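Below are structures written as C-alpha cells.
You will see chain A twice below: alongside chain B first, and alongside chain C after that.
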Partner chain A sequence: MSPDGGSGSRAPILAVSHARKTYGPVVALEGVSLTVGEGEFVTLLGPSGSGKTTLLKAIAGFEEIDDGRIELAGQDITDMPPARRGIGMVFQNYALFPHLTVARNIAFPLEMRGVARAEIDRRVEEILRLVELEGYGARLPRQLSGGQQQRVALARATVFNPRLLLLDEPFSALDRKLRESMQVELRHLQQRLGLTTVFVTHDQEEALLLSDRIAVMNHGRIEQLGHPAAIYDHPASRFVAGFVGEANMLRGHVAGSRGGHAEVALDSGDRLAVDLPPAARGAGDLQLVLRPERIRWLDDAAQADNAFPAVLVEHLYLGQNSKYRVRLASGLELTLRTQGEGEPLAAGTERLVGWDARDIRGVPCS
Partner chain B sequence: MQLTAATAARPAGRRVRLSRAGRYRLLYAALAAPGVLLLAVVFVYPLLDLMRLSFENGSLAHYEEVVSGGLFGTVFWNTVRIALIVTIACAVLGYPVAHFLATASRGWALFGLLCVVLPFWTSLLVRTYAWMILLGNNGIINKLLVGAGLVERPLPLLHNEFGVLVGMVHVLLPYFVFPVYAVMLRVDRTLMAAAEGLGAPLWQVLRRIYLPLTLPGIAAGGTLVFILSLGFFITPALLGGGKVMMIALLIEQQVGQMLNWGMAAAMCMTLVAAILLAYAAFKRLGRRNAP
Partner chain C sequence: MSAATIRRRGSMGRGRRAARIALHAWCGLVFFFLVLPLVVVFPISFSSSAYLQFPPPGYSLRWYREFLADPNWVDAAWRSVLIGSVTAVAATILGTLLAISLVRGTYPGKGAVEQLVMAPIALPSIVYSVAAYQLFSTLHLVGSWQGVAVAHTVHALPLVVVVVGASLRTIDVSTEMAAQGLGASWFTAVRRITLPQIRPALVSAAFIAFISSFDELVIAMFLGGINLTLPKKMFDSILYEIDPTIAAVSVLQIALVVLVLVVIGRFGSGVRPTS
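Showing the complex of A and B:
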C-alpha cells in the first residue's frame, strides 16, 4: 500500500487491519487496512461496488467481516454487537424514526444509555441549538425538509458523544445548493466537537472539500490513502487519476532525456518532456496523467516545456470555466480547461497548446 | 374502450357536458353498481328485516329480555372473553410468523406463506373435523399420550373450551398474519439497524421501534380476528360439542329450536352493535399510533 500521509501525531481511534469480506463469489473487501486519528475526518471515496459502504457497515457492526480485525480506541470490537460500540451513524436515508418527534429521535441514544430525564432534555435542547433547529423538537420527521431531517440525523448521531461518527453518503439526496451548505456545516460541527469521522461518498468534489485524508477505494481495496492534494496531484494509480478529477491519460515509454527532463515517446508518436522520479526513468511502459487545467493556450512555443499545434474539436461552456477538446497533429485528443468564460473559439480553429514538464505525472502501468 | 364505456354511461339523448374526471366517476359508479346492488339485496335488506323483526309490534320487549335475561348476558360475555383469548393467542403466535415471512429469504418466505395459506384455502368444515380427529378421546394426541404412558386417562381436549380455542386460533391465525405481514414489508429495515447502532438492545428495538411501527397491522389483524370470533359458529358448534355456548350458537338455537325469530333478531342486532363498537375501538388504536 502507498504511504498514507499518516494520521499525524494524533492517537489512532479507529484501526482496521486486513478486513476481508466476501458475498459468495463476490469479494467486497480484500484485506483493507486503515487507521483514523483522533478528531480526523477520513473519507472513503469510490464508485458503487468498491466496498466503501461495506467497510463502513463493518466498522458500525452491521456487517461481520470474514477475516481481519477492527479496533476502536485500542479495544477489539470485531465481534462486538453494534449497540455496544458507541458509534454514531448517519444513514443515507437518515433513518429517522417516523413515529417519534424530533426531540424523541435525538433523545433515543441517551435514553438507551440510561441518562436522567433532565439531562436528556438539556442535551437535546443544546444540540438542537447547535444544528439550528431550535423549536423544532415537537415536530415529526415527515414535517421537516430534507436538509432539516439531515441535521436531525446528525444531531441524533452526535448527541451521545460517540467515539466515532460514521456518515454514509448523507448528502446524496439533497440538491446541489443545499448540499454545499450542509457540507460546510458538517465540517464546522465536526471540527467544533472534535469528532473523529469516517465519511463515505462517491462524489470526489465532496471528498476533496471535506477530508483531512481520503481513501480511494476500488474493487474492495484502498487504491490510495492520503491528503486531498496528494490524491489529486500525485495519483497512485490510473484508477485514482481518472476517478478524482478529470485527467488526460497518456501511454508511452522513456526515450531519452531533454533539458534535464526525461523524454517520453507517447504511443501516439508525440514526444514530451516529463519530470519523472529517478526510479521511473528506467521503466519500460509509462502511464502519464495530465490534468486538463494544466494545459494552456500558448502564443509562442517557448512559453512551455511542451508545445504542440492543435485543432479545436469542441468547446464546452460551463459558466465558471470552459472546457475544450483539441486534437494534436498526431491525432491525440486532449481535454483542456480554462478558468473564466474562456474565448469563444469555433471548431477547426488552430491554436498552440502546451504545458510544463512538472505538470505531468507518471502512475504505475496497469 | 374506456372511452366508449364512458360515453355509454352518459344518459342518452341529453347533452350533459361532463368533465373528464366526472365521466370517469360516472363510469366507476356504473361498474360498482352490480356489486352494490347485490350487497343491498342479500345483506342490507335482510339486516333491515331482522331489525324490523326485533322491534316486533313496535315494542322493545325483545331487547328488554336480551338485556335482563341472564342467559344472553352470560353467553355474550363468554363470547367476548373467548374472542379476546383467541385474538391475543393469534397475536402472540402470528406476530413472529409475520416477521419471519417479511424478513426471510425468498425461498423460505414462499414456503412459510404456503404453510399459512394452504390451510386457509381448505374448507373450514374439513379443518374442524380434522381437529376432532386429533383432539378426541380416541384421537391421535390422546392415543400417543396414553400409549407413551404419560397420562393414565385420555385428556379432555375436545367438547370443551380448550378444543374450541384451539380450533378458532387455527382457523383465524392467517387473518392476523396477513395484515401484519403487509405492514412489516413496508417497514424500513435501516430503522432497526439505526436503533441498534444508537445503543438499543434487541428488546428495546422491538418495543420502541418495531412494535409501534407495526401497530397499524396489529390493529387491523386484531380487528379481523376479534370480530370474526364474535360471530363464529361452525368451530364452536363442532369442537364445543354443545358445552361451549357462544352468541352465534344461541341465536341459531333461538331460530332453529325455539322458533323465536324476534328474540334471535334482537340478539343479532346486539351482536352487530358490539361488532361496530369493537371496530371503532381498534380503528382508534391503530390511528393513534400510526407512524
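Showing the complex of A and C:
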C-alpha cells in the first residue's frame, strides 16, 4: 500500500495535481494533489473555509484554478467547460430546477445528451425506482420533503452514468435519523452503480462511516490522505488528530527508555512509556495523541504500562457511551470515554486510570 | 387555555378587525379616486352631444364612428401600438441581457454600466428628447416611427433592468450552474433554467415597457414629426378641436391596456422559485 493508502490497484479516474486557487488575498487551495480510483469513494473532510467546496467546484469546472492540472480518465480537463466533463454533482442546497417536475429534472441531463424520448422515460422510471421515488415523477420539487428532494438531486446527478459523482455536504440539512438512512442509501447506490465518488463533509463520523479514503483538509491543503482507520489511528498531524475523533493532546520529550518502550517526560511532569518508531526516539519535542477510549479504569497499577491516580472532575452521560474528565496529580487533565452507561461516579472520586504504551501516538510537532 | 390568554386573544381579534375595516375603507377610497375619471369619461364617450358635457344629454356611438372614420386617428393608434410593441420586445430582450450581466457578471466598470443604464430615469424627458433629437437628426431618424421606437426602447431599458434584475437576484444561481454541469451550454442553461424561473418578471417588464411607450408624449413630440402617435394626436386635438372623440379614444386606450393586463394575468404567472 502506498503511503497515502493510494487508489491501489484501481485505475485512477480523477487526478488533481498541484491545484492552486486564490480569491484576491485568500488562498482557497494551496497545491492540492489527489487521485481517485475507479469506483472509489473519497471524502474531503475539513472545517469551514478549508477549501472543500472550492476543490469540488474546480473538479466540476465551475471555478478555474490558477495553477495545476486536473485529469479525468487520463484526459486533461483543466480548461474544459463543465458541460463537457460528464461529471454529476449534487449541490449542498440540491439546486433542483423549481419550475420543472421531478421527472423533467431527472430527464434534463439525458435531454442535453440527445437521448431518445422513449429511452429517457425508461431511464427516469428506472432511477426513480432505485431511489424509491416511484410515482413522484409528476410532482414539483417544492412539493417534496427535504429527504425526497435530496434523492431527486442524487438521481439527476447519476442518471446519465457520469464518469465521476461529486457531492457537496448533501446531508447537512437533514435531521439525524434521515441523514443516517441517506448515508446508507448513498453507499448502496454508489456501490451498486460502481460510481467513482468525491464526497464533501465536515462531519467526521460521516466521513469515517462512508469512505474508502479520507482527505483531511485544512487551510487549502490536504493534511492527510488515507483509509479511515489510518487517519484515526495514525494521524499525521496535530490538526488531523484533533479534527478526526476526540484526542488528548500531550507534549513532551524523550527522556530514556523503560521496559522496551521509550520513556517520555511530559511538560506536565508526568512520565510515560510510549511505543515510538525508532526515527522519533532521537527527536526533541514530541506531540502525543491519546484517544479517550484508550484510557481505562484500573484496579491495579500492574494492569497497564502507564497507570496514574486521578480525581474525577466531571461525568457526561452521552447515551451509548460515557465521557469523564479526570485530573492527574500533576494537574494534567484527560478525557476518558467508556462504552455503555458507565459507572455513575461523583466528582471528586479518586480512581486509578491507565493505558498501554501502544495506545499512544506521536505526531510531528507543529 | 387560561382566561387571561382568551381575553388577550379576544381583544387582539377586535383590534385586528378594526384595522381591517380601516384598511378596506382606505382601499375603497383609493379605488374611487382612481376610477372617478373613468366614471366621467366613459359616459361622455357615448354622448350624443357635440360638446364635452356631463352628464351627456343622450347616448350614441357617433364618436366611436368618428374615430374609426378618421384615418388620422386610426393611423396614430396603429402607430402607437406598433411602436409600443417594438419597444416592449426590444427593451425586454436588451434589458434582460443587461440585467443578467449586471447581476451575474464580475467585470471592471460594472458600476459605471449600471449608472449609465439607469440614467434615462433620472434625466428629465425634455432633456432626453432634445439630446435624442440632436443625435437622430444626424442619423436621419427624426420623423420616422423607428426613431421614436429606438428612443422609447432606451427610455424603457432602466424599467426592465430594475424589474428583471430584482427577480434574477431572488433565484438560486446554483440551478444555472447545475444545468451546465449536467451538459447544458451557458446559453441553454439561461434559456431553459434561468429565464423560465423569472418569467413573471419578464412579462411584467414587457408590459411596463409597452405602457411606457404607449403613453409617452414628450419624446414622440420631438421625434415623431408628421408621424403622430396616439398621445400626440390627442394632445393636438385637445389644443385645436375639442370634442368627445377624445373621450372615445381614452376609453379605447384603457380597454387595450386592460386587455393586455388580462392576457398577462392568464399567461404571465409562472412558477415561483422555492426559497
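Going forward, the second predicted complex is superposed on the first by the 364 of 366 C-alpha atoms of A that agree within 3 Å, B and C clash if a C-alpha of one lies under 4 Å from a C-alpha of the other, contacts with A are read in each partner's own complex, and residues count from 1 in each chain.
Following the convention adopted for this analysis, a residue touches a chain if its C-beta (ideal position, glycine included) is under 8 Å from a C-beta of that chain, and two chains touch if they have at least 3 such contacts.
Quick caveat: nothing in here was measured; it's all calculated off a predicted structure.
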Three-chain arrangement built on chain A, chain B and chain C clash or fit: clash
Chain B versus chain C as contact partner of A:Phe108, first or second or both or neither: both
First, second, both or neither for A:Lys177, with chain B first and chain C second: neither
Chain B versus chain C as contact partner of A:Pro81, first or second or both or neither: both
First, second, both or neither for A:Ala60, with chain B first and chain C second: both
First, second, both or neither for A:Arg156, with chain B first and chain C second: both
Partner chain(s) touched by A:Asn93 [first = chain B, second = chain C, both, neither]: both
Chain B/chain C common contact set on chain A: 60-62, 81-89, 91, 93, 95, 97-99, 108-109, 112-113, 156-157, 160
Complex contact set, residues of chain A against chain C: 60-62, 81-89, 91, 93, 95-99, 108-109, 112-113, 140-142, 156-157, 160
Interface residues, chain A side, partner chain B - complex: 60-62, 81-89, 91, 93, 95, 97-99, 108-109, 112-113, 156-157, 160
In the complex with chain A, residue positions of chain B that touch it: 188, 190-191, 193-201, 204, 208-209, 212-213, 289-291
Of chain C, residues touching chain A in the complex: 172, 174-175, 177-185, 188, 193, 196-197, 270-274
